[in-house]
Amino acid sequence: MALLCFQSLRMLRSGIRCMSQNAQLVSLTVNDKTGVATLSLQRPPVNSLNLELLTEISSALTEATDNNSRGLILTSTNDGVFSAGLDILEMYKPNLDRVKEFWTKLQETWIKLYQTAYPTVAVINGHSPAGGCLLALSCEHRIMVKNFTIGLNETRLGIVAPPWFIASMVNVIGQRQSERALTLGHMFTTEEAKNVGLIDEIVQNKAEGTTQAEAFIQKFAKIPFQARSLTKTWLRNKTVESLVKNREDDLNMFLQVVTQPNAQESLGHYIQSLKNKATK
Amino acid sequence: MALLCFQSLRMLRSGIRCMSQNAQLVSLTVNDKTGVATLSLQRPPVNSLNLELLTEISSALTEATDNNSRGLILTSTNDGVFSAGLDILEMYKPNLDRVKEFWTKLQETWIKLYQTAYPTVAVINGHSPAGGCLLALSCEHRIMVKNFTIGLNETRLGIVAPPWFIASMVNVIGQRQSERALTLGHMFTTEEAKNVGLIDEIVQNKAEGTTQAEAFIQKFAKIPFQARSLTKTWLRNKTVESLVKNREDDLNMFLQVVTQPNAQESLGHYIQSLKNKATK
Amino acid sequence: MALLCFQSLRMLRSGIRCMSQNAQLVSLTVNDKTGVATLSLQRPPVNSLNLELLTEISSALTEATDNNSRGLILTSTNDGVFSAGLDILEMYKPNLDRVKEFWTKLQETWIKLYQTAYPTVAVINGHSPAGGCLLALSCEHRIMVKNFTIGLNETRLGIVAPPWFIASMVNVIGQRQSERALTLGHMFTTEEAKNVGLIDEIVQNKAEGTTQAEAFIQKFAKIPFQARSLTKTWLRNKTVESLVKNREDDLNMFLQVVTQPNAQESLGHYIQSLKNKATK
């Protein structure tokens, strides 16, 4: 809350209004002039997606709908990490009830983000591996600051991007490029990501990214909102349906994959390597 | 009929034979040397696709099959408009019986054109929005005269391209580019269309386009006809089946979308703007 | 067997071990330092895929799994022809029992190759039409020697690439390019194949191709094997399932297509043209 309150005076002056009063791990603001909402991830240090952060993202997406937002910019308060992806602590030696709730919330968040009625733009102002890449892929347009990396690198951690992560990438860069990237767990540089079509624009910094994102959303100002959103639904509903119809199976498949000794061992090694880095 | 009769003497001299004796809104001719049929849309002023024009297109496609055509060129007698798309007067304050017949005929025409046994080429000699773009997308090869525009721009009119329009575009330019184009209702210039793969060749004028179209069809001269057509069927049948199995649902979905107050209002504004243009 | 025995001394010295002791139409060796297997087609003169060759390929793929291979290179002992595709003598005036067994074995081989747990690379050191192209398409990476050709050219012979051949190509170069290539039965030059994405790398000769193939497989050395293979399964299982669930229908469809008088006549002409070439 601290950040939100601290910012409120400056925001009011500039026509930016704070929407998500109860949020702590995200901030949701709206530009009253343009109707464009900005959803900023702010869970230090690296916006790891745990149950609580996902819950706030999901609520914020609904709030933006309820407030008739004309579009939404998804970004990070951390200029360096967009999101580090799923919080590994949710998956390492998990409590069964908690991990079920976690995965179910992740499904819900993706389903909601993937088919928002309003246009969505990711301003990727930092590294964006795994679940961070998924959030970006689920938006309609991706603007990325130079000198960072993005990709679904799950295989490197001994885990597997589930079919809907895969489908989200295939829908953006096609089957061939997705296969190459996913089997290797490749992290694309900003340049590589642009060349393969994984992102749409390269910018120098977050401020320029936000300007470009506003410009993208502005293109839809004269497009009837309802027709646009139905078009998006028809473009994306096969992909969404394949999860919606199989949420229980998908959950069980995730639990099976993540609890395998191999996967737990890989995650353990990874957590240890992060700790070693932190203490250096 | 006037145009057809008027042309007949010249056509006979050049080996071009008129096939569609009863047609008024299209002309169907065949080059007896090559076996290539040319189907020209000729419903002034802009080849708007109403029930009668669709009926004649559908009949002509069958006639070309019955006459063992080696290929078909789809073009317009109007050097300026390929087709303006679905006739809005069929959709604005529609009579229920008529609009059902209209949509059913549109479905039939697309199903037929999308899987003709003979190769098909669109010579796009003018603007080609919405349903005009659909006709072009359904051919196997697209040749476009410079300085025109093409695209599925339905959202701009407050209506929505149905799933099989969308699938026709995705099959040509992929999911990512289709999403970008369709949500915005983007009209591509000839150059842009070439860059994104929406068309295959740019020509200076219709005559050059026709020459190139004949050359494209000629490539198949030595390919066994039956093997070629079965290959086309297997490439396209998933797309076709998704409509064939759901024609009734698709009709109802269209009726629901088009009769919404928002959509009717948008169509009304559009018709008014066309009238204003016409009287200027 | 002769070739294998003859090579054994040299291979032992270089750390290459022969695996497939009973094979005659393929050789399967493994590099003990890297764990990479090499499967070489060696059925003179042009590695036509008959029942016996397919049986040996299928066995070798399993053997590579059983021996925990870290990857597999598929290539030809003939520097000039990777594989000429399905043996036409299996399809021309076929014995019903034999042709059923032949097609069933082809299905089995593709299903196995398309979803091996280990990474696969085709080193295409010669022409690669039809079934030869299918084998290459089923690998994860394609390296091709310059100045050869590759493609699914079935229509030129009056036959038709079945849906899973088509899907294998669509997964690599997309729907639009596949349609263009398949209806025409186009054979791509090495350069054209690279431009359209049908192959990934061009090399000067087989030795360079093998080096590059080893390098490709080496990239996976640090990727957990199980996570990688499950990712591949999830990327490819829709394509595989569409055949696995319809093997009987697919067999009947093949029998129906290939036994048509038109198809038999085309195959007869083709066999005659090969004989004429051979006697010149």
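Going by the order they are written in, the chains are A, B and C; count residues from 1 in each one.
As a convention for this text, a contact is a pair of C-beta atoms (placed from the backbone, for glycine too) under 8 Å apart; a residue touches a chain by one contact, two chains touch by 3 or more.
Fair warning: this is a prediction, and the values are worked out from it, not measured in the lab.
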Check: Does the chain-touch network form a line, ring, star, complete graph or other?
Finding: complete
Notebook entry, point to check: Do the two copies chain A and chain C share over half of their interface residue numbers, or under half; same or different?
Noted result: different
Check: Can you give the whole-Å distance between the Cα centres of chain A and chain C?
Finding: 40
Note to self: Could you pull out the residues of chain C that touch at least 2 other chains?
What the structure shows: 174
Notebook entry, point to check: Inside the complex, what are the residues of chain A that reach chain C?
Noted result: 154-163, 166, 174-176, 178-180, 182-185, 257, 260, 262-263, 266
Next item on the list: Would you tell me which residues of chain C are touching chain A in their complex?
Entry: 119, 140-141, 170-174, 197, 219-220, 222-224, 226-228, 230-232, 234-236
